[in-house]
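For reference, the structure discussed in these notes is given below.
First chain written, first letter: the chains are A, B, C, D and E, and each begins at residue 1.
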């Protein structure tokens, strides 16, 4: 923690940053996003297993710093979002200072104690507990126990289902959707100025929270994130209807890996998956 | 909106299976439709007048015609409606003939489908917007790529018509394959004798800028407005100083260091060379891979003897930019090298013919050099291995052509003729020699062509054997040619002294790369595609780029020359007007909602998407958005489908237009 | 390494030495062969010319057996077997009619998925490097004519193995033993094949040309990978010489025997004593490190 | 009983240059086809947004066909390559949410493949007919349809 | 009015009877995360200790999407067709005071200048059985908005646990009384309402004075507090969508196909950027701080001014679900603090 605060202070004192996006605790000791505008503010910075938010979302939401760059405290997984935003022209690498944090997993349910059982599933497969890309690196890696991957079983079960069974599964899930768009708002890669669902001429996605409209919304969102989602799972965490959105994103992520050996947000200079092509792309499904 | 629907019977063509009057009356009930009628021939003058009249009388502002394919008559109806005061892009066509009446038998269901098809377009047209053709200025200057006979012809035609031409040739000299030939069929006149004057004409033409030993590196822009980057390879000789005296070539001590490309590897050349004596420009090149100076830092003899101080060892490749309005591609062909395997196959060409293994098995161009008076044998008929006169010679046609399993399925078109010529030239030089030709068919279509082949057979006694050769092997200094005579039904074995293979004409090695640079399409063999095989044989899929000669398909000299003139004429048509009108089906960005992810830019095949800064009143950049250069946009709409927020839309095929079609595809109730 | 093994009829009869030498060599190279249990005729020659269905159904049965017995790759050393198995696979895959008839006849479902190897592709799989590193006998003066015959490389569209006119894969294997392959003309010429019994004069005439060309190109030995080729070149050679006096003998070895020799394996175990043309002089010359011509 | 009468509704999104023209050729050649398909002409497969396909299903399509130029034949050079990459994701996504991949077909049909077009269209119609109506969406639509009295 | 004693078995039997007589029986789901219509009496969940569901029960009165009418296009004219009337009676069990009290609160806005028949009809058809609440976490603040874990506001019947298996069930409204008389087989045993011991139900401490909050809001339309709040908020509207009292809606026309469609009333929220966006492109609440200020002000100032009700029941759902943990309770405490400071400064 001291390391993090020291570096942050240094960044303010050397006038390199206009503000730093990090985590702080509220009066109930709950960890939440916090923007520091001064060296004094940084005293409040914390980082622990409850630092679950992907702060990269603020990079496209907050105004540019009046002077200096934007500092951001980020876990390895969140840094993938930052790289993705750079790959997608949303920010410039030179405009951010990434304070990478060695991460010892984060909680799944934020209102419950951190434990092996209450660890986010994404942490199980994390390859960037020590971030792969950063300007500064703080924190220490500790041994952690990894959670059980409950979703994997669900994915497998889904894969073995008939089309009708899959449809029924998702119908029951999407029926719950209230179209609050929290999934979109917390997503660092949902930076469109006008979401397709808010477009009314024509209305590709019914704005009503009918199951049909919910199907369209969740499918299109998953499609728009295909080959782009970096798997921070903020959407699923934010969903008040508790729809297992990560399954959709994970499926698309698996397609990206299996078909193209591509992981978005791992290399600033890598050509994006969508937007490029290979003449030898698979086409065994095309008559 | 006031929409008129016009249903055409196309005589009986549509009317037979689609109940046109009931289609029209069903359409009359569609919302927005104020007029619907059917007529025998909508595309006829009276039919068109019917439409024009209805537009005026019913004050229509959009029209849907249910008739044939839009590929057939879209232009006709757009024109008619435009004459009557409707913007042509407010006209849509439902394809009731090719997509309905001609493919169905059952009248009720075909009629139902016809109604659906019209309704979908009625719904679409409600969202059509008037579009205005795009006007772009024309740079009246042409680029010709390739200085063979096609490129030479095209350049001269355009230059003589009064416009400037930049002619780019990758070799040190223009002339192409034609300059390698001995004599030409069917007249047997000397190839160089007819070609070199034209080469000189090019060189001396005030409006032709010859850029030899150079390659096109990059092409930007669009019809009428191309910006071309040309890589001028380092010759190591300053072309502005060189007088072409040839002293350096004579003095170059590294004499027989490399095989001459011009002589197809049958002769050698020095490190400092001009490819052939009549080369244009007559400026030598240093082959840096073999030159002593470049290898050891010593020698510089050429530099010492050059009075003009034209030798420049430090010379680098140079990039030059040229702005042109039209591009003619005339990059020609190369011969199928049969000892190299085509990539996709395990088959290594014609291994059984022993090309590359037996010295006296040669290909057509090598034989041209042997027969040429300026060639390595000075025109004497001597075989490469021991420089003796072959007494028995075998010519094999269709090596690689018309042979899908080992080569290419197409016919190389010129081999029948040049083989007859070769056999004839041989017989003229070796009177007591025997010449055999193995052929599959004789394809000698052309003025005086068949007569030419008959002459070879009847007057010069060339023995034609209809059949394929299965194997050639060496035995006791002879080449044993095993084949079959399918007419006589017997196996044939000839102990020849020399064998000439008429190998296929194939696309140049880097044709695909050039096609991609130019954004023109190409076939699976690497030949550039014409825009339409019959009606647009010299155009390409990209406006302002035309094709000439064998880069499009195997082609002989007269065909190449006429195609070159045709391409030149197309360029001249373009230069005939100061501005160009283009279909306004282009993409357009909604800058308010564009988030600047530039996925559209990534998918655009035409580099038509640019980045544009949006500034506030103080001049601060608020955001960077996509901007479509409508001159470059070809209207594919890939950007539109890629854009997650639909901030870029393709005019004419906007989202709401397609939505309307999807929304109305099914009959309801 | 482990491969399924389809020996076929020849390898237990006229080409016994092929079987012996192959097993011996593979044993040395730590490769196991698992013979298909209850295999039957591959359908070559007789079935092939008598019944189209049978010519597919027979190999199909062997392929089904192999699959049932858990094999993924099977070796068919005999070129005719290899050819039949490959052709059957192709037909079953592309012709639903024949597949359905075959399945009816066999009363089993057929599914694709067995990779059929010939002798050469087997050694490619095992790795030429392994042969090279284990070669014990100096072959540097041994000139080898690789004879492919027809069945190994044709029809190309189906077998997809090497160039049908000018194959070179066997030469690669021979090079691994240290011997020198000669560049000769008749490596895919017809040996007379099945006329061996009925029209020996045709076989003699055709095989003689092959032998002559190999000798012309200074080969000491012809190497084959097909029992039929072997019998025509080896068994008929004496008669050829008898009818055309003044010719030299040339020994005909199976590729597996040549490899066995280079690995220094027991000659008897390689079946080198089972040929019509005596291999002893060749072997003797090798052991003296000098090659007889 | 109802299934016997079931006639599938097929929406086909086709590119202007290859498949639409190929379908024209089928017409010119008088190659008979079933009447179930409704073609929507777009310039290029690159223009085909997956939302079109979802929308077509929502609006009652029992099957959707998407067809364009063969690779390397694209009139716009690369539109079909980009489209193909999108489809790889999209069809696996649909499969995952339970939209059977036997309701969504892709094909390359060139301007010269009139016969292939007929085979593709009839093949799609037949297999969707066998599959039966797309009840998933029919049920969802009940929520917003005028109730039948 | 009477107070009855009901055992768990009674309740089960009641639920069973209601299901069988065509009632929509609504209860917290087994995990307590949602309110669901149950089809088996075994699924009935009555538990005072449950955490408030993540989404409130308002959707049973004010659905997330509701058809107002259908239209059918006939050439160029439109026929309007009424949405099918929903007459199914419904009963809600296990609703906490912070749920039930929301109904009379929002009822005021739905019956202000225009009577929302869709809402009213559903309220009319519903029996709300409230349940005293024994759950309280740091996000709860019902006592600060004038309610308590035993508030009967909004309930037709109200239950208080007596023993592990029995509940006292108070009849609160006329509707409740009628319901009880219709099910007299179950409501048999009565008890004196005054004798019920509610002392073991913990009443959370009051965290702020809503009057002072309003007073501060009256004066501080522009205050730096809002900037800070707007900064963290991502503008998702989960807070509004889970809230029992948020009632904003959007009216959309939705095509079914080219000939017909419907007009629907859909949940909307002031936290969306497009909520106030004009057709011109102008947006009076163009930044998140303004939108967050609107949310607080609407709940604690405007609604109070207009309807004399606080548009908040202190259930804490918005805080629990917020992806960035914006805590409305803390914010209101802070405002209360600011209010006190400003008074002392003056």
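Everything that follows uses one rule, which is that a residue touches a chain if its C-beta (ideal position, glycine included) is under 8 Å from a C-beta of that chain, and two chains touch if they have at least 3 such contacts.
On a predicted model such as this, the values are computed, not experimentally measured, just so you know.
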item: Contact distance in steps, from chain A to chain D; value: 1
item: Co-neighbours of chain E and chain D - touch as defined; value: A, B
item: Reference chain E; chain at largest CA-centroid distance; value: C
item: Centrality ranking, top chain (CA atoms only); value: D
item: Comparison of B-E and A-B by number of C-beta pairs in contact, larger one; value: A-B
item: Greatest separation from chain D - chain, by CA centre; value: C
item: Averaged-CA centre spacing for the pair chain E and chain C, given as whole angstrom; value: 85
item: Whole-Å gap separating chain A and chain E, where each centre is the average of the chain's CA atoms; value: 31
item: Rounded Å distance between chain C and chain D, as computed from the means of their C-alpha atoms; value: 51
item: For chain B, residues that touch 2 or more chains besides their own; value: 592, 603, 642, 655, 659-660, 663, 666
item: Two or more partner chains touched - positions in chain D; value: 55, 59-60, 72, 78, 82, 86, 141, 144
item: Where chain C touches two or more other chains, by residue; value: none
item: All chain pairs that touch each other; value: A-B, A-D, A-E, B-C, B-D, B-E, D-E
item: For the chain B and chain E complex, residues of the former touching the latter; value: 29-32, 119, 123, 592, 660, 663-664, 666, 668-669
item: List of chain D residues in touch with chain B within their complex; value: 9, 11, 20-21, 23-28, 30-33, 35, 38-44, 46-49, 52, 55-56, 59-61, 72-79, 82-83, 86, 118
item: Residue numbers on chain B that touch chain D, as the complex places them; value: 69-71, 95, 97-100, 102-106, 109-110, 112-113, 116-117, 120, 516, 519, 521-522, 524, 541, 585, 603, 605-606, 634-638, 640-642, 650, 653, 655, 658-659, 661-663, 665-666
item: Contacting residues of chain E [partner chain A, same complex]; value: 33-34, 54-55, 64-65, 138, 231-232, 234-238, 240-242, 250, 252, 254-255, 264, 266-267, 269, 272, 274, 320-321, 323-327, 330
item: Chain C contact footprint on chain B (complex, rising order); value: 341, 346-348, 350-352, 357, 405, 471, 473-475
